[in-house]
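Chain lettering (A, B, C, D and E) follows the sequence in which the chains are written, and residue indices restart at 1 in each chain.
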């Protein structure tokens, strides 16, 4: 009933609006549940780019439409949505997801439907490692991020004894593994491995392990909501050594939760500072104006992901003589993109769909405020 | 191995006690409602969560007012916990009125459905309110009673490491003990307590003994929910950060604690809560040491469940529960 | 007037005509207006209407099979939403089968099980591990991944694995009763999930939290099953088998022994029913259906990880059973279908629709109240309303009605004693 | 050989000795009664025989084989069936289904037979239903076959329990106060049914009953328990006049008011 | 001037009408008995009076007050004690606690203790088993406990639903004597009995219920002599 009001023309399988062909782009991100703040930011970033480009495509005879989906951070929901998205032939691309755990199974579905996906946030190695031709991402992978953190920890912070904690999710375990491997290679000793359970608030058990092991750096693979509490409780227990984490900790929420305890914490992130470039600054200002709130670190990546996709779509339309291309064509065109200049990123995909220009940034919290100070940057 | 175990033991015991005390008081609420209606009130965890939010909200509000700086923190705490407990108590009573009372004669599992439904509703309503008021729903309250106290265990023997805790730990522990003792008195020493048991056994006959069954049930819900809400405040104070989803897991753990102790049994719930807290903390800190790294802290819940199951196999009525004698 | 209408509606033939009309209209509108979810749902609802019609059971079976196997796929096949309808229908099928399995345990045998999803997980993992290279981590012989043909064997293996898990979990049943049992099953459910989540070490069985991806799609005669409509038919077949079996159980010696144990354990024992064996059988059989659907699920998702098997999932299945009507096969089917469709389609569509309005600026909703976040609230509200409105379940369980005339036999033990009080020995 | 032979059976509950050194036997084809004051241990004795409780000491033989240590369902398979003092029907199941449950152990069908709905299964099922129906007819319950058991009147429930117990085709049936809650007329009807039942179904009967009219009319042998001990045994006529039994159990029968305190003083000493 | 009066009571269980207009009265100090076969509506009548069953039509007057559909916890406070059918002992409470429940509305430990002693004088067995769980008592012991529990309320009207069910003959005698004794102390008794003969022989008056309606009433001795009754209930 919900969409039955739309005009439809089932014989061709495409929808039209005012004589122009409708092209829909879906976003999939957690709009509800624990990470809905960032999920919202991803949707909004993508929406902003789409709105900006609408006029251009209108001239070419196409109406762009955003279809936001809520994957709830749940693989099952993501796959179920993916099937719905894949089946809707007027959808030509997906921007998403936030969680690799959702992106991996969902992309298997997109591949079946030849539907291209551009990810603004997924870092797990496996996302692009399965040889799927529709899967692309503009951010760095955990096997860049983890080692970058390890190198910084060992070389710059002089950590010799490291304690690694994970939240036992796909993301947390994935990044911690890459970190651990590199740290060992660099000569550091892993003096203990612990884990916490998502959703709990008392992490004293693992903190006591840390106390016993007395490391000189603690690495946490997980998200800010647990990370913040972990740091706070650890500091309460007198653990003063540096903490380090990955992009999952890159959120203003981390500071809200940990408060002053956040000082002496380092994070690696695949998201750069939006204000670093002129375009970025403009983006931040526009975003604020449009949505009446500050962008999250991933907003600009969603914006750029949408940009990359629309560029590919445009290329595909052009090479199809201005007519609606097939999904395969769009996927090929997106993969073929070189040196796309977004608001913050420059995108060139390699044959796996990874962005060769992706970078990892290292930040330090010197005081209890967000964003933290950038102390390093690693490219491929 | 033993050395490492002993080394962290004092701290593990303290942390386990703090967590256990919280489990115990939440478990009391479960046990009370179960005791009278044989209903697993799955929404109880959400009452606890609501209490945590109301309490934190009050703290934030009161701390924002200038005149409160003149009041000692302890007094402030008492005010907040009393107000919160009355609020959640009333929510509990309302919940019983709307969602459980109409189903008294329905099949036993139906109220379980409304309980789950109420849980979802409470989670989302609290989230709305928090998000509308503060822009986010993960809330961090003002830190109260955060002085660190260190006990010098290492001076007793070099086997032990020092243990430290915040003042809030003492407050949690003392409040929890007070609540438990008061409740224990209420249930075991007053006529109300026997009335509660009579109602739970046979409502009709209880009413023939001049017992106002509805009133007894409402009171039980009020007391149980007030306890839950009060614990929410304790929790928020001890751990600082709360979100609308803390109730589910914690509620579940508390329920397990109640079963471990013997569901329906007040002292059992307390014992179960403390044991569960200690066990969890011990497992989280030592499992990987004990198993040479094969099983890590991630198996702490498995450990806790395994103990529970073993206990139930050997004592099917829980640690302090009495076997229900059925005359054939 | 009103009476005429009722009598018209009571008449068998007018029912048939109206029903046919209904089915034709909904199918046509589904076919013509492909995105009409309403038409899709109404067509499904025709099965419910059919259930209440005054027809022979066999006729009902044939008609519903016709609708599900032919009409529904055909009517929805015409347009872009086809796969999404099939996806939803497949999920409905999976959940219905699981709920029917749980219904044996909870509804018939009266054993409250809060960890039922564990069996689903066991089934899913048993296929996923062997249909990916995962198995080569611990299997010294054989080549992995196994081909898609193995799927069919794994339907049985998955069922058996789940049944074994059911028996293992059921063993504490020997001792624990009532709500204690609930907590023990909950514990086992969580243990299984946590173990799957961590069994990447010391030997990598399950790939832990990372999950197992790229599960080989099933194939039949060299044809790969990948799209939702393929799985739709697979699910439907298994579901048909499940319903068939469950209905048989219900009114057999077995079903009666479950119910007897549920009603009164001591009396059941006195009638020679062994408690332990009867309960274990309920666990095992209930688990089997769940395990089989687990295999289908793993194949359909092509990816599984432990987050699909949480406690909440177990609760949801329990909600389906209780809401539908404990012990009632049609009730449980309706309950499961309703809850699944509500979660996967209605609430999602509703959110998408409000989202669209929001995006197009027709209405503005504050972020905190965004419809996506309302789903749980709505679901919760619906649960409460349903439960209050129909505390006995949507379609409560009915006892089998025996036909007296068929049971009367000539060599009756006693004479007609309607009017006489004492028994007259000579007449026997 | 007696169908049931109990020697020196004792059962303690904590400190309480509910059955003390009881020895008795039930002859094949007989109707035997156990009587005694409330709390004498009669029901406990039934529970011991049927495996609900295990004796603290002593031996229980059914057709010469020991049943001590067996679970209730195993005892049932040895051919012992019973009714309960506090009625235990399967309340949500229909009257006919209740009787069908009683036939459980005689149905041979396996899992496969049920799933495939084999003709043999269907036949067996139909036969069982017919037989159950015949039992219901016997107890005048046939018109109620599709009622839920819990909706039956008290008297009907008692009869249904007997019917269900008979459905197990027992060699020995234990009836625990079958006439409780019935009025004299109904009790009379029941007396006739029980009397006839023994021969009809080739079953020995052991019953507990406080209605002396019923007991005296149908029992061949009576055992009297008091405080867990057997204080007397014999034919109805012997029991009727046994002073011990009169004092402990029967009372004067026609006591007039005013003798109350004396009578109660007698029965409650020790 | 009756202490308890029922005017055309109609009571339903769902759609089933159990009472079809029952009118009767109980005089102060009387023993009144209700007889009738299984399912006639005897228990329902008592339930309607005490408030356990909801009366749809008609009124119940107790001591000049209309108590129709008052909840049980109020009617008991007014002095109407109801000993329900099937004893309904609190199985998990001890004998002592069961008795205490009977005196739930009574304040003062001494009074409770005093009443308990009175109960023990009727039923010494209860004193012996003070700390045994009610549920493990034998059937007869439970019946004693149920009556004892009601006596703890010191009611003005005692309604007994089949008190002799399951009791040894000697105890049945005692129960009937106790009923007489209680009555002689001024307690009004409303008695349901299967054993119509015994009930009628101690009752001042009796009512016969059939299918939810009263078909006959009269003094105890009248009814005992009645042929219809002899045939239907006295066998």
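In the analysis below, a contact is a pair of C-beta atoms (placed from the backbone, for glycine too) under 8 Å apart; a residue touches a chain by one contact, two chains touch by 3 or more.
Here is each chain with its UniProt name: B, C = Branched-chain amino acid transport system permease protein; D, E = Branched-chain amino acid transport system ATP-binding protein.
Quick caveat, the model's predicted, so the values are computed rather than measured.
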item	value
Chains touching both chain A and chain E, listed by label	B
Steps in the shortest chain-to-chain touch route ending at chain D and beginning at chain A	2
Pair sharing more residue contacts (C-beta pairs) when B-E is set against D-E	D-E
Interchain centroid distance [CA atoms averaged], chain B/chain C, Å	35
Separation of mean Cα positions, chain D and chain C [Å, integer]	43
Chain B and chain D: spacing of chain centres that average the CA atoms, whole Å	49
In chain A, residues with contacts to at least two other chains	168
Chain B residues counted as touching two or more neighbouring chains	296, 298, 301, 326-328
Sites on chain D at which at least two other chains make contact	43, 52, 84, 86, 185, 188
Interchain contacts (touch definition) - all pairs	A-B, A-C, B-C, B-D, B-E, C-D, D-E
Chain A - residues contacting chain C, complex	1-4, 6, 8, 10, 13, 31-32, 36, 40, 47, 66-70, 74-76, 79-81, 83-84, 86-90, 101, 104-105, 108-109, 112, 124, 126, 130, 168-170, 172-174
Residues of chain B touching chain E in the complex	191, 194-195, 197-198, 201-202, 204-213, 322, 324-327
Sites on chain B touched by chain D in the complex	327-328
Contacting residues of chain B [partner chain A, same complex]	4, 7-8, 11-12, 15, 18-19, 136, 138, 140, 143, 146, 148, 161, 164, 166, 235, 239-243, 245-246, 248-249, 280-281, 283-285, 288, 293, 296-298, 300-301
Chain C residues within the chain D interface of the complex	244-245, 248-249, 252-254, 256-257, 259-260, 263-264, 266-275, 399-402, 404, 406-409, 412-414, 417, 421-423, 425, 428
